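Presented below are the structures under discussion, each in the form of C-alpha cells.
Okay, so chain A shows up in both of these, paired with chain B first and chain C after.
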Partner chain A sequence: MSLKDTLSPFYAWKRALEKPFTIKKPVEEREGAPRYRGFHVNDIEKCIGCGTCEEICQNEAIDMVPVDFIHVEKGDSGLRPQIDYGRCCWCALCVDVCPTGSLGMSNDYIWATPNAEEWVFKPGVDDNPWKDDDKGYRRTDEAWLLDPKLTPMPVMEPDVRKHTFDEMAYGYEVVMAVEEASRCLECGICIDACPTHMDIPAYIKAIRENRLEDGLKLLYDTNPFSESCGRVCTAHCQDVCALGHNGEPIAIRWLKRYITDNTADRRNEILGIGQPLPQKEEHVAVIGGGPAGLTAAFYLRNYGYKVTVFEKHDKLGGMLRYGIPEYRLPKATLDREIQTILDTGVEVKYNIEVGKDVSFKEIREKYDAVFISVGAQIGTQMPIEGSDTPGVLSGVEFLDRIAEGERPDLGERVIVVGGGNTAMDVCRSSVRLGAKDVYVYYRRTEAEMPANVEEIEEAKEEGVKFEFLTAPTKISKEGDKLKIECIRMQLGEPDATGRRRPMPIEGSEFTILADTCIMAIGQKVDSSLAEGTEVKVTRWGTFEVDPDTLQTNVPGVFAGGDCELGPDDAIHAIADGKKAAYFIDKYLVKRHDLKAEPK
Partner chain B sequence: MGEELKQLHFDTIDQVLDFAISKEEEARDFYLEWAEKVNNSAIAEVLKEFAGEEQKHKDLILDVKKGGDFRPVAGQVFDLKLGDYFVQIGPDEQMSYQEALQIAIQREIGAQELYKFLQTQSENPRMKELFEKLAREEAKHKLRLEQMFDEDVLTEN
Partner chain C sequence: MKSRKSSDIIENSPMNDSILKKQAAVDPWEPVWAEQKKFDLSSGKYVKIWQGPQHPGVTGNMALELTLEGDVVVESRTHVGYLHRGFEKLMERRKYIQCFPIVCRICVPEPDFNEYLLATAIEELAGIEIPEKAAWIRALVLEMMRVASLTMGLGGQAGAFGLIPIGQWGVAHRDYVLDLFEELTGGRVYHMYIIPGGVRQDFPDKDFPSRVEAVMQKLEKLISDIEKVMFNNSVFKARAKGLGYIPPEWIEPYGITGTTARAAGVPIDVRKDSPYLIYDQLEFEKILGTASDVYERTLLRKEEILNSIRLIRQILKKMPKEGPVRAKLPNVLHWKIPAGETYVRAESGRGEMGYYMVSDGSEYPRRVHVRGASYTHAMALLERLAVGVSIADVAGLMVSLQTCPPEIER
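Up next, the complex of A and B:
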C-alpha cells in the first residue's frame, strides 16, 4: 500500500468543521415543465369509474375503489382510481387512455411524507397540495389511445329506401364487426344500463375472437329477442358507453345483430334447443305473445314448466310485429326468432282474447301461475273537435294495418301529430306509401322529442318535414280534404316541476289542408281483462305490481312489459319477461306468496 | 254565460263567499257521487282526490270568510289552454283517467269563467277584487290539472 493510500482517509477530516453540502430539500423549488408528468389529478365529476386506467396500468399501480360520496348510477360505476406511488412509473398511459379525459397529472414533482400509507391515494378525492393544479400532463386528442369513430353501418340511400319497406340496414361484414368490436374497452359500464343486463363486453369479445357460437349463447342468457334488439333496440347501453363521452359509443346494437345474423341457420343447434329440458308438472299461462310474454315463456320453458301463450292476433310478436315497420325489423327475421322460442316447446293459442273469448277467472283456475303481458296497444285519442273525422287515423292502428300487409293510399299530404318513436315510424311509413308531403307536428321543440335521435335524423333524410311548437286544435272536412286548424306554441317559464310547458301563442292560428292526419301522441293499456276480478290496476290502466317481483295483488298472477310499465321500449319488456319468469319459478317452487318473503 | 247567471246578484262580500263555498261543495259532491258510480276503483280514487281538492278550496274560502286571505300566488299562473280546445264530454261509469282529467279541467274552466263574468258585472271594487282572486284560484287549479294531462296523457306530444 502506498503512503498516499494510507494517509487519504485522514485528509477527509479537514472538512469536519465546514458547513455540510447535503440539504434537506432544494433551496429553490423549480416549477416542473408545463406538461410534466407529476402526481395524478382526477376531475371527479367527469370520471365515470370505468376502470380503463386500472386495466392499462402495466405496474398494477391503480385499483378502482368505492368512494363515500359517489353513488352507483347508470353510466357510473361509483368507483374511482386509487394510485399506489410505490408502483407508479409515471408513464401516463392511464391518462392517454382515459375515455372521459378526467385523469391528468400535475406538474408538481416534489412530495415528502414520512407516512408510507399516504403514497396510496385517490386523486380528486383525497386532499393533497396539487389537487386543483391545472398545469401538468393532459391527454391530447392526437395522443388518445382510443378510436373515437364508430364503424358505420352500410345502409340504403335515402332516395332508394323511401320507396321500399325492405330493411334499410345491411348489417356488418366480418371486417367491420371485428374493427368495431376492437374499440370496446370491456369496462362493463353498459351492463348495468341494459334493462336485462346483457353481458355486452363478453359477447363483443367473442366477436373479436371469432367465437360467434359463444356470443350467441351469451345473448340468449338474458335476451331471446337478441336478433330483433340487434336492429331496433333503443340501446341504453350505448347511451352510457365510456367511449361516448369524447367520441362515438360502440355500435353495440349492430354487433349484437352481427352475431345473430351469422349464426341464424344454426341457432337451435348452438343453443341446444330441442334437447330435453327439466320436466316440471306446473303449467303457466302467458296472456299476450309480445316481447315480454314470449321472453317469460322462453325462460319458463327452460326452468322446465309447461307454458301456454294466449295471443289475440293470429301471429305472435306484439309491438315488435305490429308497431315496428319492416324497414327496421323484417317480419321474416322476427318470425325465425320467435320460432326458436316456440321450439323450446311453448304452446300457443292464437286468436284468443282473454276477457272476451275466455275469462280471466277460467285461466286463473286452470293454470298454476299467470303472466299478464298484454302490452299498451291502444292509441291515445286527441280530445279535440273532429278527431273522429274520416281520414284521421290512430298511429298504432295505422302501423298495425301496415304490419298486416295493407298498403293504404294516404294521398299527397299527411300530417303526423306527435314526437315519439311511433310518430317516427308513422311518418317514415307514410313516405314509403307514396305521400309527397309528410309533416310531423309536435307541440314542443326538437330537444323535448322522446323519439330516438337516429330515427329523427333518418326521417329528415327521407324528406319528412318537422313543424315544432305546433298543435292541431280542430279538424273538419273541406271537400275531400281534411281541414286542420292549428296553433303555434311557445315554451313557458319553468313551472314548479322545473318543466317548460308549451303554451299557445294568441293570434298564431293557421289552417292546413291535408289528405290524412295520423295521431301518434301516446298509447294506453287495455286492462279490461281485469274487470270483475281481484287484480288491481292503476289509474293509468296499467297493472299494479310489486316492483321487486312483478307479482300483482293476487298471488300467482304476475304482470310485466308495457301493460305494467306503460308504453316503453322492447328491451324493458324483455327484461320484465325474464324477471317475471324468475319470480314465477320462485313462486311455484316455494308455493307461497312472494310478498310474504323478506326482501 | 247563461241568462240565469245574469240574475246573480250579491249585496255583501259574505254573500259572494257563500256562493263560492256552495260552488266548491257542488264540485266536491259531483266527484264523490261519480267516485261511487264508476266501475274502476283506481278511477274512483282519482275522483276522490279531486273531491279532496275541492274540499280544500272550500276550506280556504271559509278561512277567507273568517278574515283570512287567499294564498299569494308566487309568480304568474300559466295558462296551458289545453282544455280550451277539448271537446266537451260528460261523466259515465266507464270513464278513464284521461276522461276524468278532461272533465275536471272543463269544470275548472267553467268556474274560472263564472268568476271572470261576475267580476265584469260587479260595481263594488272590493267585490271585483274578490271575484278576480277567486278566478285566479280556479286558474291555479286548472293549471295543476292541465299539467297532469300534459304529463300523463300527452306523453308523446
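Up next, the complex of A and C:
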C-alpha cells in the first residue's frame, strides 16, 4: 500500500465544492428537448379517424372512440384515438405512420395525476396543459412509414391515343397490382364513401395474397358492374383515401379492374352463375336496362324472383354504353359483363319503350313490383339565342351517335361548352374524330370543374385547350361556320351549392368562329312514362321516392338511378339498383307499405 | 462480536492462492454445475442466504442462492425468472415493425444494441441497404451508448465496494450522454431510434456535434478524476486485485466475450474481428489486459470509455454531412419478409451481442433468439467464481462480469 494510493482518494473532496449536477426539481422546471416524445397531441381537424395508429400500436394502447362534436361524414369515421398511458411505450410509431400527419407528441413529460382514470385520454379532445404545444416529436417526410407514390398505370401515349378509340389504359401487371395493393392501410374509410359500400380493403387484401377468386366474389357482393367501374368509376373512395391526404390515394379503381380482367374467362364458374337459384313466384319488371336497372335485376334474380327488363334500345347498358366513349370503356368489356348478369336468367325485352310501346299501367298490373330506372338521357339546351342552330349538338346525343358506331365529321374547330365528365368525354372524342382545335369553354375556373382531375389532365395531354370563365351568349350561322359570341366571367358570391356564382364582365365580349359547338351542360330526366299515372314526379322531372327505401308514392313501384337522383355517375346508379333490389324483396316478402315499417 | 479491522478484510477477502489454483485446475469443459454438493445446514457450520431478487447489491432483479461458511461462499446458485418478460416469444406474435419498440427493453443500460441488431437482422433478411449516413449515425449512437453504459458501470463497480461518490458521478455523467440522446432521438433511456431502413431522423441541428464534444470533454475530466479516486485507491486495489480471476483457458468454453475476455488477454472484439457498419473505416486497437481479475476488468472498461470517446470524435469528423438517413420500407403494416435465417452480431459494452432471426415468409418473425454477453457471464461463470469469495465481495464480482438481468431473462 503506497502513500499515494492512500492520499489520492481524498481528491474526491474537491468535487464537493463544484456546482452540483442535479437541478432542484420541482422548483426548477427543465423543458424536454424539441424532439422529445412526451404526451400525444392530435390536430382534431386534420385527423380523419382512420385508426392506423391503433393498428400499429404493439401495446394496444390506442382505442378509436367516438367524439361528440365530430360528425361522421364521408372521409371521416368520426372516431378519434384515445390513449392509455399505462400501456403506451412512447415509441411514436403511431406518429410515424399517421397518414394525415395530425398525430404528434409534445415535449411535456412532467404531468402527473393520482387519478388512474385520467391517464386514459383523447389527445386534442380532452383538455391538457400541452394541448397546443408545437414542440415535441413530429414525423418528418423522411420518417413517414407509408408510401405516398402511386404505382402508375401504363397508358397509351397521347400522340397515339389521339387517333384511336381503342382503350387507352392497359391495366396493371401482377407486380404493379401487388405493389399498389400493399400500400393499403385497411382503414376502411373508403367503404363508407363508396355509394354501394364495396368492401375495398378486403378485395385489395385478396390481390395482395393472390386470391383473385375471392376478390371477384367480394366485388359481386356489392357491384355487378365491377369491370366497368374498374375503368370509369368516379372513385369516391379515392377522394377520401387516407393516403390521399399527404400523397396519392391508392388506385382502387385500377385494382378492381385488375381482379375482373384476370378472372374474366372464369367469371361465371367462380361466381357460381348458372347454378340453381331459389325459386320464387313473384315477377318484377325493371324499366330501363342501364346500370341501375341491371344491378337491381341481378340481385333480384339472385333473391329468386323472375325479372324482366324493358329496354328502349336494342342493346343494354344505358349510359355505360351510350354515354361513355369506347376509349374509356370498350364495348366488348361491357358486353361481357352484361352477359354475366343475363346468365343469371334475366329476361330482356329490347326495343320497347314503356309509355309508347306498352303502357305503364299494363306493366303495373302484370308484374308484382316495378323498378323504374330510365336514367337522365335528354341533353339540356342552353337558354341562349341560336342554341338550335344546325351544327350545335347536345353532348349526350353526340356520344350516343359515336356509341352507335357513327364517326361524324366535326370540321377543324370544335367548341365544347361545359365542365363535367360528359364535357371531357365529348372533347376527347372530338379529338379522336380528327378535329384540330378543340376548345372547352367553362364559366367557372378549373378548381370548380366537376370533372375528374385525371380526365382534365388527360384531355390537356391530348391537346384540348381550356378557356375558363367563359360562356357563350349567342350562336348564329356565318357562311358554313358557326359564329359564337362569348363573354368573360368573374366569380361572385357562393350560391346555394357552395360554388361561387359566375358573373359576366361588362365589355369583355368576343366572337369566335367554329365548325361545331357541342353543349355538354347537363342532362334531364324523361319522366313521360309517369304521365297519366299516380306516380309523383318532382319539379325537376325526377321521380319522387322515399330516400330510405326508393319506393315512390305508389306501393310496389320503385325508382332509382339518374331518373331519381338527377344526372349522376354510374356508381350511384348501381348503389340505387342494389338498394332497390333489397327493398323490393322486403316489399314482396311482407306485402305491405314499407313506409309504415319502423326504421 | 469481534469487530473487524480493515487490514483483516484486505488480507482475507480475496481468494487465496490455493483456491485460485484449485479453481484453475478444474477442466473448464467439466459440467461442474451438475455436481450437487450437500451442505448440512443443521450442523450450524453453514448458513444459506438469498441475495436478491430484490437486493441493492445485485444489478437488477436476479437472485443468488449462497451457502456460506462463515463469511466465505462455499456454494452459489443463480436463480433467474423474476424479470422474465418473454420478448422472444412476444416477437413471434408481432409484425416486424412492432418488434422495434420492444427490443430496446431487453437491456436497460444498452438498449441501442438491441435496436441495431433487430434492424440489421430484418434488413439482411429483407435485402434492404441502408443509406451511408445512417450507418455512421448508427455507429455514433452505439459508441455513445457504450460510453454511457460503461460510465455507469464504472460507478456501479465502485459503488459495489462502497465507493459511493464515484457511483453518483458515473450516473450523473451518464445523464449528460442521455441529454444528447434526448436531443437526437426524443427519448432518454429507450431511444427507439435505429429503425429498420436506417435511423429515424437526422441530427437535430448543425451544432449537435459540438454539444457531443462538450460532453466528451466532461467525461474525460471525470475519467481523470476516477483514476485518482478509484484506481489509485488502496482499498479498491486491495479488494479488487486478484478477485474473480478467470483463466484464459476458460474464455472459449464459457463463451466469455467483451472486456471480460480481453482482460484475460484473449483478443476478441467483434468491431475488429468482423467489422460491421463503418468500423473498418475507423482507427482503433483492441484493448487487452493480462491479470483477468476485477481490477483489470474495471481498468479495461475505463480504457474502453476513452477509446469510445476517440471513436466518437473520429465518426463526427469523417461522417458525411448530407444525405438521407432512412431507406424507404415497404408498407410496414403488411410487410412480409422473405423466408430465411440470419445471425447478426455486434460488440456491446458487455461483450458480443447477437440476434438469430428466422423468417418463414410471413408478416411475423418465426423465431428470434437473443444472444447476450451477460447470460453466459452471470449464469454459469458467476456460480463458479463466487465459490471461495467473501460475501462482501460477491456484489463487486457480479458487477465486474457486467451482469444485466433484463438481458439474461429478456
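Definition applied: the second predicted complex is superposed on the first by the 565 of 599 C-alpha atoms of A that agree within 3 Å, B and C clash if a C-alpha of one lies under 4 Å from a C-alpha of the other, contacts with A are read in each partner's own complex, and residues count from 1 in each chain.
Simple rule for what comes next: a residue touches a chain if its C-beta (ideal position, glycine included) is under 8 Å from a C-beta of that chain, and two chains touch if they have at least 3 such contacts.
All values reported here derive from a predicted model rather than from experimental measurement.
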Which of chain B and chain C A:Lys46 touches, first, second, both or neither: neither
First, second, both or neither for A:His197, with chain B first and chain C second: neither
Partner chain(s) touched by A:Ala423 [first = chain B, second = chain C, both, neither]: first
Shared chain A contacts, counted only where both chain B and chain C touch the same residue: none
In the complex, chain B residues that touch chain A: 39-43, 45-46, 75-76, 78-81, 84-87, 89, 96-98, 102, 143, 147, 150, 152-157
Touching residues (chain side chain C, partner chain A) in the complex: 94-95, 97-102, 105, 163, 165-166, 169, 172-173, 175, 179, 182-187, 190, 192, 200-202, 204, 225, 228-230, 232-235, 237-238, 324-326, 328-334
Touch list for chain A against partner chain C, complex: 1-2, 4-6, 8-9, 11-12, 15, 21-22, 32-37, 52, 55-56, 58, 89-93, 96-97, 105, 137, 140, 142-143, 145-147, 182-186, 208
Residue numbers on chain A that touch chain B, as the complex places them: 380, 382-385, 387, 417-420, 422-423, 442-443, 450, 471, 473-474, 492-493, 495, 497, 501-504, 520-522, 524, 531, 536-541, 566-567
